[in-house]
Each structure stands twice: as structure tokens, then as C-alpha cells.
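Here you go, one structure.
Labels run A, B, C and D following the written order; every chain starts at residue 1.
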Amino acid sequence: MTDHERAPIVTLTDAARHFGPVRALDGVSLSVAPGDCIGLVGHNGAGKSTLVNLVNGGLSPSSGSIAFTRGETALQAGVRSVFQELSLCPNLTVAENLRISHTALTGPGWRRRARAEIGASLDTIFPNHGIDADAVVDTLSIAERQMVEIAIGFAPRGTEARLVILDEPTSSLDAGIADQLMAHVKRFCAAGGAVIFISHMLGEVFEVASRIVVLKDGRIVAERQTAKFTRAELVDAMGHVAAEAVESAVAERAFGPEVVSTAQGLRARKGEIVGLSGLAGHGQAAALAKLYLSRSSSWHSRKDPDVVFVAGDRARDGILPLWSILRNISVSVLQQGARWGLVNGGAEARIAAEWKSRIGIRTDNVENPILSLSGGNQQKVLFARALASPAPVVIMDDPMRGVDVGTKQDVYAMIRAEAAKGRTFLWYSTETEEVCQCDRVFVFRNHEISAELTGADISEEKILEASFEMQEAS
Amino acid sequence: MNPLSKPWIWSWLAAAGAFALTLGLTSGRGAGELGYAALSFGAFAAIVGLGQMLVITLGPGNVDLSIPATMTLAATLALKTMGTVEGTAFVGLAVALGVGLAAGFANYMLILLLRLPPIIATLAASLIYQSLAIWSNRGLRIKPPRELADFATGQVMGIPNVAWAGLLLAAVVWVVLERSVWGRWLLATGQNTHAARLAGIPVEMIRAATYLSVAVFASLAGYLLASFSGGAALNMGTEYLLMSIAVVVIGGSSIAGGNSNVPGVWGAALFMFLVVSMLNSYGAGAGVRSVLTGTIIIAIVIAASTRRVRA
Amino acid sequence: MSFLARHRIILPVVSLAVLLAATFYMQPRAMSYFGLNLLFNLAVPIALATIAQMMIIMVNDIDLSLGAFVSLVACVTATFLNDTPMLGLLILLALILSYALLGALIHALDLPAIVVTLGMSFVWGGLALFILPSPGGASPDWLRTLMTVKPPIVPMAVVASVIIAAVTHLLIIRSGIGTVLRGVGGNATSVARAGWPVIRLKAFAYGLAGLFGVLAGMTLVGLTTSADANIALRYTLLSIAGVILGGGEFIGGKVSPTGAVIGALTLTLAASFLSFMRLSPDWQIGAQGAILILVLTARLIFSRRGEA
Amino acid sequence: ESGTADKRIALSNNYAGNSWRQAMLQTYEEIGKKAVADGVVAAADAYTTSENQATEQAAQIQNMILQGYDAIVLNAASPTALNGAVKEACDAGITVVSFDGIVTEPCAWRIAVDFAAMGKEEVDYLATRLPDGGNLLEIRGLAGVFVDDEISKGIHQGVAEHDKFKIVGSVHGDWAQDVAQKAVAGILPSLPEVVGVVTQGGDGYGAAQAFKAAGRPTPLIVLGNRQDEMKWWAEQRDANGYETLSLSIAPGVASLAFWVAQQVLAGEEVPKDLTVPFLKITQDTLDESLANTPEGSVANVTYSLDDAKKVIADAK
């Protein structure tokens, strides 16, 4: 490669971004050159998304500078972003969404060209994706949408993609598709493209990244070639206690009577942690939502609810965006302290304060708006909301989306402790590793339960086997 | 905290401005009269506005366009039942509120069972209520019983009785929204109904209760207005369609739902009366009056929203 | 997803067809060139107004001032455009521009469109009163001729409806810029991130609404031959109902221009159908509500099927 | 025998939301039913729209053309905006007779009330009662409507002639008691003493209420024939000798229009422009009118065929 080709695509010099008193990014210097694949890691709220937004021009820095080698703006420099929150237009087709990003695609016949372009990009990254370029996005599953978004990120779009930023791209993808993505990222970088890859799944980061950058509280605390990091060192640098090796299914515990039993075959006993697994979009979320809705009412609410729900798709199913953190937490327990139908403000504040510290929500004041929290911290609020309620059954729809390693460990511990006290958890996760910690696992395939695994049977191989079997047969 | 960041303050400032400008003409004479009239007529707008506010709080697309028809139908049936007979005021009130409940129930059923968008459901239903009002009384204007008329036009401690009714209702709505569990549920439902349901909130109960409330408020306003102005007329509710929406939004409630503002409704109700009085007093013709009213409404909204962003 | 849920347009088409069949059954005379023209010619301005409303709903806003705006345009058309065509044209252009500015203002200051347009309805109404304190004015001759032209085989009203639907379909559904505009309704943030100036897009959508509002007012005058300040006030609600009837949704940029035109035709036809039923005057108003409910209830059947 | 036994007449009405219109619909219905029963005409249907909008009414007229009526009796939302539809009706051979709200289309008949004269008469009356003149408050109707403009013109013309009067305030009461009451209550505090109130009908009682609530002496309010106004007037008269004038067009003019249409259909030569006098109630006729008017309605007269013939003959 010539020097010119090695010239950095983007260079940040001491870039900082403050939101009022919050120093989301506190002086970061970084440069990304062609061929780089940078793994960006850090705890929830470390400033990763903020960094991304500075690079792609979504936010301007409070101080410091961002310089592109080619062109003035991120777009001209060939910088593309795939965002943490999905950002397609749900009312448009896949091809039309490409048109939105590809501003130069005009004139008669643009539709045909868009179809071809997005089709090619999807085929390259996700062979056998099965997504129709004329499908309207809101008819796609969340995983398919994520795939489309990634494909748009890598599509040529008139210019050439030089730096693609992926902010937690795999959080709603299952393992197989995530592998396809990582293979593509490697190919892309080998061909002279650059990628910034943000993930809380350290395994992925180790697999794709050539260099790992660790952010902590808005500053870069470590930056090394991937080979020079061990997993423990990395976790350490992020400021977490190194995670103990995941203990596989807890020694046989005694469970109480059966408390959940659906027509579909989903069953759970008191005190049991039940996992739902399988490929993304095969009916797990729908099964859980149906279960929740059938065991709660939209006409009356009881002081002692039967079930609570932890949403994974925060914006759609969880967050009440106009409210403070406090109100978001307390909404599930309002009735407990209420007298004559009036909210007990003291009890409310106590519960919020307790959970802020128990689950480590990073904020200086629970009266702050919920939207001032980073994605992962918003997710913690949803956990707090559910766990604060006394409901005996907790339903969790991929609740760890975007939660950092350290917090995950805390939450696992909390779940185990609550289960020991007799609560039942139904837990859908796209991460097989998580599912493997459950007492019992139901694997879904085509909206049906294809396998029920218990005890020693719970293993990644068995789950994968049950997820794919029929597809190979057909 | 900067008081200008409260979204409701602007409607009060505007009302005060219109009040002062009107009195500027008479160098202060008639302040009492004007204030008294503003409280009397503002009360009706405030009552329907409080109801509309609850509905708008339910989130985008929620609005009740049947308020005028409900007012008319409730008033018509109540006055017909009372038939100027003394001592029937409470019977009439019961009839009016009953009509309100029935209309609210019908509206909600259209929304729930037929899944019509509320804006269309209430619009269609309002045409039916209007027909019912015509059919039941053929537009005859029956006077309220004297004691009721006296009550409606009377006053206690210098404040008109109808204003007391409006203030009392505002206080109740304020407590419900700001302090009660039910109010929290309503605000949550307005932000994201789906998320609220998954957080264990009985959203259908909330929606049903809200649509019942707005209709009951409208029927109460209709009953009071007919008693106040000497009888029910078929067109008595007409101006309260835009009025009810205007007082909610001028009052600083978010039209996107999940956020409401009781004091603002009263401020805006007073403003809507005072601005017309002011323009009339200055001899503005219908055209000027209309253009200025519109401009002031937009100015208030801009002031309120830009302040909010900066605060 | 079912066939019907995917092709939302079928529902409005079927509603219109059923209503038309019922109308022909009640009043066979309507089944003629002359009859169809009488049934539908007043639907032309309503269809244009519905398209205008659709442009606003497309970007997640709602326009409560449309009726007053169309009335104002009608007043301008019947006075200035007739007496001093150049001045009239300038005023109409200025009105379209002010709609576009309104869209930019609403976006720039993040104002609730429903409130701003509520305020604007007073402004437009007041201006209309300035121009025509009492009904009057006259339609420009060319406009009258245009609206009463008798093309062969198919009446003008039907031809006009088809043209309106086709043009707006090309513009909003097929063209690139239309796609981006719908994208603004679907997810404005992502459109902005892709480098589009959303403020200009919104101004453009509002400008289009202004344009179609102007066309609505002009065609209305062509049909009625004169104007007054209140002439089209009911178009506000009518146009909203038309958009919804045509399969549009209030949020998310889901609109259908063809559906909107059909929705407008359906609403117009519904009123005629009722008058052919010869109800007692007491119930004529209520029956309009009932038929609105009935037509929209058909949506329910479709969406239930769609879910299954 | 009349030669119209197979003819069908329709009433096109644009608004049903007040007592005047309801009385009009009722009169038409009564007279129509009787005419059909007597075999004078084959049908006399009534149609009404809700919103007082010319567009809706134009569609209504077009439907009547399709339905094959022989004549349309029309109370129009606008004097000009229906001309297109009216012309179409005429071209289809339909007789169109407009009344109250008349249309300017030359092919139609017009039964008009001289609204400007009505406005002027109000001021003339005030001049006889208040020779010293003084301040007047004007309550107008619905802005942008022809009748409102005409009456107001007449009033201003009257004031110009009687220069001792001065209009110190003008509000729009939309021909509704409660709207008028509200508008008057809002402007009163800023007004000097008011000696007279000129109105357009349907708003006098509201004005009186507003004056009472403001604690001002009741001025001389010209009334508009509503029963509640007349009742209030009678009460005032009995209590303190209050004296005023009440005038308005009678809703029964619909029956006159019906008979005129019948006469045209019967082949009679009928001039295109007819006038009806407005219905005037004075101190002397108050009790009689009050007795004849149903509770909550409007003073009315029903016109017979002979009345119609007489009106036609007068116009020739």
C-alpha cells in the first residue's frame, strides 16, 4: 500500500462532548486508517455511541476536532454508520430505504437499480438471507431489519464505503448470522475498508478486531493490538472485575409446583429459570408476549400482579420517554404504596434510590429524564422496574440487549438470587451462552417448540441442532 | 426554576395582556365586570377543555370531536325533562350526566370494537347525537327552571357559580393527574400504549374512563351553559369544537400525549374570551379579529415551545 | 401477511364499488354519463383537498386549517384571479409559499402542527373575510369552461379523479423524492442522518399541500361559479376522513394517494346515497355519521383477516 | 284539477341547527303532506344538510336533479355559490324557487325579503322612540354570510340618516343566544352608556342577559321574533312598561315558496322576483303572537295558495 492509501480516513484530536454536566466524551484522540478494524468496548454509558455520533457528524464536538482526509463531511469521506437503535423507515420497502441513504440515486429506473444494489449487498454479507427487496420494512423481523441496515451500510451507494461504524450490530442477530457478518467485516477490512465495531460480546470483538480501544467514562483507557489483550485484561481495563467462568446450570435445585403452562408447551415451575432459544424471529418473543398478555389484564390491575415483563426492544416495548428515571422505575409498583388511589411519593423515591444503587444505573439523579441515559442504562431501568415488583413470574424478552459485561454478571446473580427466593423467570435470549445458564431450555423453530432440554442436555450444540434441524430437512 | 419555562405561564400572560389592553380603552373602568364575564364564559371552555385535555393526553390521534353534539344533546334532553318545573334541577343534572355517560360509552365502543380512529369515530358519532337532539326536541328552546337559571347566573364571593364549578373540576383533574395512580397510568398510556400495557397498566380501562370523562364533562358544560343562557339550542355547542382543542394546546399540554397541564387550560379559556373582547372593544371587524386571534395563538405556542427547549 | 393486508388499496376500492352499486340500484338514472357527472363533479375539489391533507399526514402532521385555506383560495380565485389574473396568480403563489414556510417553521421550532394549523385556520379565515365580506365574485371563464368540459365517453369528474390519482401516485409512491418524503414520515431521524435537509423536505411537503389546496379552491370556484369566506370549511374534516378511508394512517408516513382520491369519492357518494334513501330530515344528518361508521367498519373485517 | 298532480317538489335546505330552521322544516312538512294528500302534487320531500355549506348543498341539488324532481324549493347557503348547480337544474328543466337565502342565477325565482330595509327599519324605530339619539350596540350574525352583510348595511344606512345615533360597538353573535350573550358580555365593560341594541334576530335575549349580568340598565333592544325573546319582553312590559319592536322573516315563507313553485309548474305566469314583507310584532300584537307561538319556537305564519296568488298578482 502506498502512503496515500494508508492515510487515515478520520482523525479525532482531543474530541470532547458534554451534555450539560455530563461529560459523555472527555477528550478522545483516535485515528482510523484503511484496513483497520477497531473493536470499541466499554461499559454502558462509557461514551461509545457518542463517539460514533461525533465521527459520523450526528453531533458536533464541544471541544477538540474531527478531521477527514477526503472531503469535508462524514458522508463525503465515505463514513457510514449502522446505529444502535434501528434507523430504517419502517413504512418503506427495503429498496426504498436504500434510496434514502443513496441520495444520488435519481432518474427513471432508480427503483430497479436500488433493488439490484441492496440485493447484491445482502447477498454478499448474508448469503441465503431470504429478504425480498420489495418487502416493506415493518413486515420484517427485528433481525432482518438489522441485516438490512447493515447491508445498506456496506452498499456502494454511489461513492464507496470507506469506514463503516457498527454500533452493537449483533445485539439482535443470532449466532449464525452474526458469524456471517463477522466474516464479511474481515473480508471488507482485508480489501482496504475500515470498520469500527462496537459490541458487548467480547468474543466477537476478539474475533474481528485488529485493534481494540477501551473507553471508560468518556476517555480512552487502553488501546492495543488485539493479540496483546487477553479476555481478563480487557474486562479489567473496562473497569469490571473479571467475570468468573460461567458456571453451567446450577446444581439440581428443588422447584415448586408448575406455575406456567401454555398450550404451546411452555412450562415452568416455581423458582425455575426457563430459557427460550432458537434462531431470532422464530416466535419466541411472540410466545412470551402472548403469555404475558394472557396473564395480565388491560381492564384492571392488581396490587399483586401475576407476571411482569422486561422488554428488549426498549423504544417500542419499554421506555416511557417523557418521564424521569424515577417514574420509569416506579410505574410497576405504584399500587403498592398507594392510599386512596394517591401515589406515595416517599415510597416511590425510596424504591428508585434502592434500585439505582442495586443495579448500578449511571446517573447522578434519578429525576433526570430517562432519555439522558445510554442504551444499556435504559435497559437496567427496565430490569429495575420488573424486579421491584413482587410478581412471582418474570418474563424477559431478550433483556440483555446492549448491557455491558459487568452489569450482565450482576444481573445474572440477581436473577439467580430471586429464583432461589421462589420467583420464576422465562428468559428469551439471542445469546446461547446466557441460555445455557438456565434450568430448562425450550428451543423454538418456525413458531413451535422443537426441543425441551434440561440439566446436562443444555448445551450449545444441542440448541443449535434443534434450531436448524428442520430447515436442513426441508 | 425559571417561571417562563412552565408551559402554562404563557396562556396566563396572554390572558393578562388582553385584559390589560381592553381596560386600557376605559382607563381601568369595568375591570370587575370584564373579569366576572371572563370567569363566567371561560368556565364553559375550561370544563370542556379539561375533558379534551384528558383525551389528548392519551396520545397521538386521540381527540373527541363529539363534544359539541354531546353538549347539545345533554342540554336538550335535560331541559326537556325538567320542562321548567321547579325543583327538578337535580333530575336534569342526572339526565345530562347520563347522556354524557352514554355518549362516552358509545364513542369508546366505536373505537374499541370497530377500531375506528378516534377522530373519525367521534366525528361520525357526533352527527348521530346531533340527529338525536333534533329528533327529540325539534330545536325548541325550553327554559330552565328558574332556581336553576338563578344558580347558573349567580355568584358566591364575587365569583360566578359556573366558574366555581369549573375551578372545582380543575382541582379534581389536577389531583388525579399529578398525584394519583390513575393519573400516572394515563400519562404512561399516552407516551406509549404498548409499553404501558407491558408494564402492567390496564390501558383499556384508562382509555374507556377517559372517553367517558370527556363526554361527562361536555354534558356538564352543556347543562350549565343551557341553564346559564336561558335554554338549549341546537347550535349551542358549535364553537366549543375548536375551542376545546385550542384551550388545551394554548394551555401548554403536549399534543403528542403523555403530558398535560391543568392551570394552562384555565389560562387559555380566559384568554380565548378576553382576546375576542379586546378585539371587539377596539372595533376590529370579523376579519381582523380572526387574523389576530390566529396570530396570537401561534405566537403563544412558539413562545412556550422555544422557552421549553432552552430551559 | 394476507393478500388483503398487503394490498390496502382493495378495501377503498371495494367500498366505493359497493356504494356505487347500491346507488345505481336506488337511482338507476345515476348510471349514465350525465348521472355520473352529477354524482362526482363536486368530488373533484374534495379529492384535491384530500390529497393536500395527505401530504401533511404523510410527514406525521395534521392540517386543521385546510378548509379555511381552500375557502381563502376560492375567494382569491373568484376575485383577484378573475379581475386581475396576474395579481391573482401572484397571490396564489404566495399562498403556496406561505404553506411551505409554515412547514419549515413547524420543523425548525419543533412546533405541534395541529396547533399551528389551528391558529392558521383563523388567519386564513380572517383574510378570506377581508376579500369577501359577503358572498360573491365570479369564476374566471376559462376555469368554468374547464370544469364543465364534456369529454367523450367518460365524464369530466371521473377523468379528473383518475388524473389526480395517477399524478399523485407517480409523485408520491413511484418517484424518488416522494419516497424520501414518505421516509420523513416513517423515520425523520434516519432521513436526516442520510444527509437530507429535513427542513426543506418538510417545507416541500407543505408546499405540495399548499399547491393541492390551491387547486382544490380553484376547481371549487370553477364548479360553484362564486365564493364565500366559509365555502369550504368542512373540507378540513372531510379531507382527514378521506385520507383514512383511503387506507392512510395518521402516523408513520403510510399514505396512499389513490386511496385518498377514492376515499374522497366515497364520501361524496355516501352523501348522495343517503339523499336517495329519502330519510326524514331529522335523521339525514345522523345517517351521514352512520354511513361513515359503516364504511370504515369494513376496515375491521379486512384487518381481522389480515391478522389471521 | 290543478294540473300538477303528478309533479314532485323537493325542499333543499342547508342548515337545521336552530329553531328558525326547524320551524321552517315543520311548516314545509305540514303543508307538503296536506298538498300530497289533497292530490295537488305527487311528492313534497324535504332534504337538509348539516353544516351550512354551499358545497354540500350544491351536491344536494345535483342529487335532486338525478332524482327527477320537477321543482326545487331552495333556501340557499350562498346567493352565488350555488349558481352552478342551479343552472344545471334549470337546464334539466327543473323549476327552482329560492327564498330567504336567495340565489342570483337568473333562471331561478326569488322570494326575497328586503333585509337592508329590515335593518334600516330598526334604526327608524329607535329614532321614533329615542329622539335624542345616543349610543347603539350592533349585534351581527355570522360573518361572511349574505344576510348578515345586508342587514348590517341597512342598519348603517339608518344610522347615517339619523345622525344622533352612533354605533359604539359591533360584535358577531352568530344568530345564537349564547354566542351573542358572550360577545356582548365581553364588549360591555369597555362601552359607554348604550341606549339601544340593534340585532339580526335570535340574539336579543342573550343581549338582555348580558346587560343584566353586567348590572347595566336594559337598553332598548330590537328583538327577532323568538318566543323566549317575546316572553321576556312581555315580562318586562308587565314589570316596568318596557316597549320595543320585534321583526324577522317568518319561517313559514317556505310554504309560500312551495305554492309559488306549484303555480309555476301549473303553468302560471310568475315574475322572477317576488317579495314578502317581514313579520313585525309590536307592543299591540305581542300578546297575540306570544299565544300563537309554541314554547321555544319562532313567531310564524303559514302561507296558503291564495296568499301566494296574491303575492304573485302584486308583483305583476
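Convention: a contact is a pair of C-beta atoms (placed from the backbone, for glycine too) under 8 Å apart; a residue touches a chain by one contact, two chains touch by 3 or more.
Computed from a predicted structure; not experimentally measured.
Undergrad: Return the chains shared as contacts by chain B and chain D, ordered by label.
TA: C
Undergrad: If you tally contacting C-beta pairs, which pair wins, A-B or A-C?
TA: A-B
Undergrad: Measuring between Cα centroids, what's the chain most distant from chain B?
TA: Farthest by centroid: A.
Undergrad: As a quick test, compute the distance in whole Å between the mean CA positions of chain A and chain D.
TA: Using C-alpha averages as centres, the distance is 71 Å.
Undergrad: Roughly how far is chain A from chain C, going centre to centre by Cα mean, in whole Å?
TA: Roughly 43 Å, centre to centre.
Undergrad: Roughly how many whole angstrom separate the Cα centroids of chain B and chain C?
TA: Their C-alpha centroids are separated by 29 Å.
Undergrad: Mind pulling the chain D residues that touch 2 or more other chains?
TA: Answer for chain D, listing residues that touch two or more other chains: 16, 50, 143-144.
Undergrad: What parts of chain C, by residue number, touch at least two of the other chains?
TA: Each of 128-129, 133, 284-285, 288 in chain C touches at least two other chains.
Undergrad: Could you draw the chains as nodes, link the ones that touch, and say if you get a line, ring, star, complete or other?
TA: Its topology fits none of the listed shapes; call it other.
Undergrad: According to the definition already given, which pairs of chains are in contact?
TA: All chain pairs meeting the touch criterion are A-B, A-C, B-C, B-D, C-D.
Undergrad: Contact residues on chain A for chain B in the complex?
TA: 289, 292-293, 296-301, 305, 308-309, 311, 316-323, 327, 331-332, 334-335, 338, 341-343, 385, 389
Undergrad: Under the stated contact criterion, what part of chain D meets chain C in this complex?
TA: Touch residues, chain D against chain C: 13, 16, 25, 29, 45-56, 58-60, 62-68, 78-85, 87-88, 142-146, 148-150.
Undergrad: Touching chain C in the complex: which residues of chain B?
TA: So the residues of chain B in touch with chain C come to 60-61, 65, 110, 114-117, 119-121, 123-132, 134-135, 138, 242, 245-246, 249-250, 254-256, 285-298, 301-302, 305-306, 309.
Undergrad: Which part of chain C faces chain D closely enough to touch in the complex?
TA: Per the touch definition, chain C meets chain D at residues 27, 29-30, 35, 38-39, 41-42, 45-46, 128-129, 132-138, 220, 223-235, 268, 271-272, 275-276, 278, 281, 284-285, 288.
Undergrad: Please give the residue numbers of chain A that touch chain C in the complex, ascending.
TA: 56, 58, 73, 75, 81, 83, 87-92, 96-97, 99-101, 103, 105-107, 110-111, 139
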